[in-house]
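Notes follow once the structure below has been shown.
So that you can tell them apart, the chains are marked A, B and C in the order they are listed, and the count of residues begins at 1 in each.
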C-alpha cells in the first residue's frame, strides 16, 4: 500500500501563495433556548422553559481588534451561537486566531483547540501537565493567539472546541465550531449545511437545538449541489441519516453513516428530490430526544 | 475528488426496461419466542417463558390482493417473522408496495419507511408535523400504497421499518425487514444470509432471537460464494464478527466491522473453511445477552 | 465490484516458503496497578491503591518448552503485561502456539482465540456447545496447541484474546494481545506503537493503564515513519484521536477514527511535527477516566 508515499507527497511543499486570515473570536455568554418553539411537534409535547433555557458559552466572531461583533448571516454556523463561526481556509493559508475569554457568567477557563491544521504545540490549546503550564487554560479576561497552517492534508470538515481543563462542561455549554477547508480544485457547493451533533442539557442536540422547528430547516433547489458538513462532539455515537437521498462513500451508496465525538462526515449530492424530508440520528432514543431536522427542496 | 461527478453519473437515466414488482405486505400479530429452545446453551442457563415470549407485530407478505399468506421458505427473512420479507429489486425496477395495518392486538398506528429507493415524499412513510397530516401513520384497518423506484445508486443492502409515531416501540415489536438490490452485473451469491441486529425485550437479538440454537444456524459448502446481509436497528452499536473468516473492506482485510441503527454491511467471500463457526457481535455484553449464532460449512 | 474476484486472488496459493514460528505463551498472574503514579495529573486527583491495584491474568511469553520468561523489551506489547506479547508473522508463515493456563490465583478456565489467521475449528479457542465439548476452555494446569496459518488476506493489525466461557471477565483481567502481519512488500516502520483500548476495573484503559504518565508515552524523531496499531476490546466504542497530526483513510485525511470491540486501526505517517502531543479517546468521559497518553517528537 502506498499510504506512506502518498502521505509524503501530501506533506510536500505547501502552496507558495497562501493567504493569511485573521480571526477575532471570543468565548462569550448568551441566553440559550434548546427548543425556542416550546417543545416537540412530532409527539405534541411541550417542555417547560426552565428545562430548555440556560446561559450558554459560545464562540463569537468579532471584527479586527474585537471592536464589534461580526455581522450575523443567515447561514448556520456563521455567527449565531452554536456552532461557533465556521473557520474557512484554503490549503496553503495561514490562520491567525485571536482568542479572548469573556465568560463572566461562569468564570471558567477556556481555550480553542483545532483539528485540521498544522501548528506548533504552543498553539494546541490543550493543557499538558508537567510540561506546558496551564497554557491551554485561558482565564476570564485573558487572551491568546493561535497560529495555524492549512497544509496539504488539511482539507475536509473538522471540529474545533474548548480543550481546557473544563473541556467536558464547556463543550456542553456551547464551545464548539466547524472548520471547512475545500480540497484543492474542488468546486464550491451551491448550498452548505453545518450539522453539529451533541448532547446538551439532557437533550440530543443539533446545533444546540432539539426537535424539528427548533433545529435548522435547510433549503435547496433541484439541480443544486448541496454539501452537508456533519460533526459530533460529546459523549455519544450517532448515525446520520437523510430521508429520500443517498450518497457514495468510497464508491458504495449509503444513507446512514456512523459518527462519534470529533469524527466528521462530508456528504455531497446534486439535488433531484423535491419535497420536505426528515434528516436525523437513527439511534431511536436520540431521534426521540431532539436529534431531528427538516430539509425543504423546491424546484 | 470526483465524488460529485460520480454521483451525477449514477443519478443519470435509469434502465429503460425496468420491471414493476408488486408486493402485498401487512403488519400482523403473531406469538413470538425470543428463545424457543428455552435458554442459552453456552452458559447453560434457562429463561422462563414469560420472559422470552410476547405478541409480536411483523411484516407478512401476501399474494396479490392480500388473498393468502405468501408461502414461507426456508430462507431467513423470506416470510417467517423477523425480519419481514426481504424486498428484492433490480436497478431500474419500480416497486409498488401495498400495505395494510392489521395490528389488532396492540391497535397501534404503523407504516413502512424504505431506504434504498427513490420516491416522492408521499411514499416516505414518516409523519412530518404541520405538513403531511398523519399520513405516515396508518391506523388499524387502514391501508396505503408506497411507490418506489430502484435507481442507479440504490444497489446494496438497506433496511425498511416502521416510521410512524410508534416507530421506537414498533421496531422492538418486530416491524423491520431488509431490501437487497444487486449491483448491476454482479453475480448472485450461492448462499445469502440476512442478519438483523436489534434490541428487543431486554435481549440483544438476531432476527428476533437470542442465543445459539435460537438464532439462525447458516449453512454453506466449500467453493460456494456466500453473502452476509448485515443490518441493525434499535438503540445500540455493534461489531459484526465471524470466526475463522476474513473479508475485504475498501481493499483492507477485516473480520470485525461496526454497525449502528440503520447502517448495513454487505460481506462476501468464497467459502473455503469447513467446520462449525461462531459469528456474533463482539460487544461482550451483547454476545452474552444473545447476539451470537452458528455457521456450518461442509465440504 | 470486483470484490469477489479480488478475494479469490487473495485466497490463492500462499507463499511456498513460509516459515514456522513457535510461540510458548502462558496465562499467568501478576500484580497490576492501573495508575502506578497514583492518579491523574491532568486534574490533579489521586486514586487510593485499593481502587487501582488488582491481581491480573496476562499472556506471558516463554522460551521454548516454557523454560523461562522471554526477555522483556522496551517495546510496548512485547512481554510486559498488557497487552500480551505481540504475535508477528509474515504472510505464508505457520504459527504454532503452545498455550498453558497457569492462572492459579483465580483458578479460571482460559483459552486463546486468534483473529487474522486461517485455522481449523480445533484451533478456534472458543467453546461451542453440543459440538466441541469444552475444548475452548483450558483448565488451570492444562495446555493446548493452536495451529495457525498467515494467508493472503491475513495482513493487518488484529486482536487475540481469551474466548473461553470466562471471556468477559478474563479480557477485563488482562488476557488480550495484538497480532501484526505486514502487507507483503510493505516497508517496516521506524517506530511502532501498540495502543489497546479497554475498560477495566472501572477505568477506561490503554494497555491496562489509565491517565497520562501511567499510559505509554511514545517517542519518535522527525523524519521517521511511525505506525500506530490501535485495537479495542471490552464493552465500549471509542474514537482514536492524535493532536497535531492527520492521516489518510481511503484517500481522505482524518485525525479521529471510530473503534469498537475487536476492530482495529493501522495508522501511519512520516513524522514532521516536533513537540509533546496528546493522543486520546475523544469520548469525553473516556478521556476523563484515563484513556489518554503522550507522544514526544524530537528533531
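Assorted remarks:
Simple rule for what comes next: a residue touches a chain if its C-beta (ideal position, glycine included) is under 8 Å from a C-beta of that chain, and two chains touch if they have at least 3 such contacts.
These numbers were taken from a predicted model, which means no experiment stands behind them.
Touching chain A and chain B at once are the following chains: C. Chain A maps onto chain C through a rotation of 120 degrees [Cα fit, steps of 5, range 0 to 180]. Residue numbering shows that chain B and chain C use the same positions for less than half of their mutual interface. Centre-to-centre separation between chain B and chain C, using Cα means, comes to 33 Å. Of all residues in chain B, those touching 2 or more other chains are 1, 237, 250, 258, listed in ascending order. Residue ranges on chain C touching chain B, taken from their complex, read 1, 3-4, 6-8, 10-11, 113, 115-116, 118-121, 124, 126-132, 153-156, 158, 165, 167-168, 171, 233-235, 237, 250-251, 258-264.
Residues of chain B that touch chain C in their complex: 1, 41-43, 183, 186-187, 212-213, 225, 237-239, 241, 243-244, 246-248, 250-258, 268-270, 272-273, 275-278, 282-285, 288, 294.
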